[in-house]
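A short write-up of the structure that comes next.
Letters A, B, C and D mark the chains as written, and numbering starts fresh at 1 in each.
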Amino acid sequence: MKVLYFSWIKDKLGKSHEEIQVSDNIKTINDLITLLKQNNENYKDVFKDTSSIKVSINMETASFEDSVNDNDEVAFFPPMTGG
Amino acid sequence: MKVLYFSWIKDKLGKSHEEIQVSDNIKTINDLITLLKQNNENYKDVFKDTSSIKVSINMETASFEDSVNDNDEVAFFPPMTGG
Amino acid sequence: MIKVQEEDFSLTDEITFLKKRCNNIGALSTFIGIVRDKREDEKLVSMTLEHYPGMTEKMLNKIDTEALNRWDLLATTIIHRYGKLLPGEQIVLVITASKHRKEAIESCHFIIDWLKTKGPFWKYEKTVDKGFWVDAKSQDLDEELKWNN
Amino acid sequence: MIKVQEEDFSLTDEITFLKKRCNNIGALSTFIGIVRDKREDEKLVSMTLEHYPGMTEKMLNKIDTEALNRWDLLATTIIHRYGKLLPGEQIVLVITASKHRKEAIESCHFIIDWLKTKGPFWKYEKTVDKGFWVDAKSQDLDEELKWNN
């Protein structure tokens, strides 16, 4: 699964994207976050308060309860500030 | 008193402005209209329905009940269509 | 800043000129009114704008001042043309500049709504074989009234 | 029509281009977002716009389509820049053209409000000695929500 990070999330993680191997028991965005946080302080820090984090699946705004699979492109970012 | 006419009022009267001698018993715009209508079919025609006519006194929007005197500039016109 | 003129205006020049009059602009709204190609379904030949010299300047200044009082603006431009215009020609220009978008957008909207009903202009439209004084629309009065709140 | 680009745009060129795409325009609204000179009270050195390539085009098209569905428009233009911009530089351009002013003005307002909260952009502001990711404003969400009715 391709995962992208933007803005301060990218800065805190020190990367803008990565390829993650996900097993079948990763069914939702919430599951993915739990996986990322495992044994990693940077991810724990970024995802400690998800109220200020937005997520997209295949470039469509999504919610943390939405289903994902290995072919999806997922992105995490703070609220958008276009215009 | 200087009186100006715009748009279809000017067309119907065949003039854009005129100087009117007003006596002391002309106190309001309504009095002025009554004076203009005296013995003149064109004015009678123009002022037969004043609901579609606006008036200004010294370039400020006014009402038919407002007072006028000989030094004022009065204008009659249909509702404005700027922009 | 207001101008009442017969000649055309250039949006780019007016924006450049407005930017010189202020700084820290974050939002710039503009509105341009243009002579349409048609009157209802008929080809329009020309539109002639009659106005009331003197009162026009007075009313445009009043509208400009009102916008500057109601919103936190950095600069404004109102240019209204008069005389004979052809289809596609520019009639009116409104520019409003502010730090944030809401002020620029709302005040631009306000100015054009007030110009409609408070700008002493009357429009004479010519088609190939007829001429018409354009009636004020009752809808325009409704648009004006919404700014009373 | 939407464009996402690093380079600057020309309002005049875009209006000329838009006019070629339709006719009988009576009203033209534009909005330009500009990099301010200051961040709060400090001098701003630059603003860098990060975006999500692919999603940006998708969302801008969505916003454009929504405006065209909601209002009777003749043409629209949305251009959003990304990359490093200096104070005074243009960030975003919205143009809407319609027969009557209400449609052009409202849709222009709508597009910029939706861009604020639905355009996948993030702004990094640099002052002389610090850098900040700009927080989304809760007010922007309120502005977006008023278009739900």
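To be clear about the criterion, a residue touches a chain if its C-beta (ideal position, glycine included) is under 8 Å from a C-beta of that chain, and two chains touch if they have at least 3 such contacts.
Quick caveat, the model's predicted, so the values are computed rather than measured.
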Contact-linked chain groups that survive once chain D is dropped from view
A | B, C
What's the distance between the Cα centroids of chain B and chain D, rounded to whole Å?
49
Could you grab the centroid distance between chain A and chain B? Build each centroid from C-alpha atoms only and quote it in angstrom.
73
Could you tell me the distance, in whole angstrom, between the mean C-alpha positions of chain C and chain D?
23
Chain A residues touching 2+ other chains are 83
Multi-partner residues of chain D (each touching 2 or more other chains)
33, 101, 112, 116
Return all touching chain pairs.
A-D, B-C, C-D
The answer for chain D against chain A in the complex is residues 33, 50, 52, 54-55, 58, 80, 91-92, 112-113, 115-124, 133-137, 140
Using the touch definition up top, name the residues of chain A that touch chain D in the complex.
4, 6-8, 10-11, 56, 59-61, 75, 77-83
Once bound in the complex, which stretches of chain D touch chain C?
11-12, 15, 23-38, 88, 99, 101-102, 104-105, 108-109, 112, 116, 143
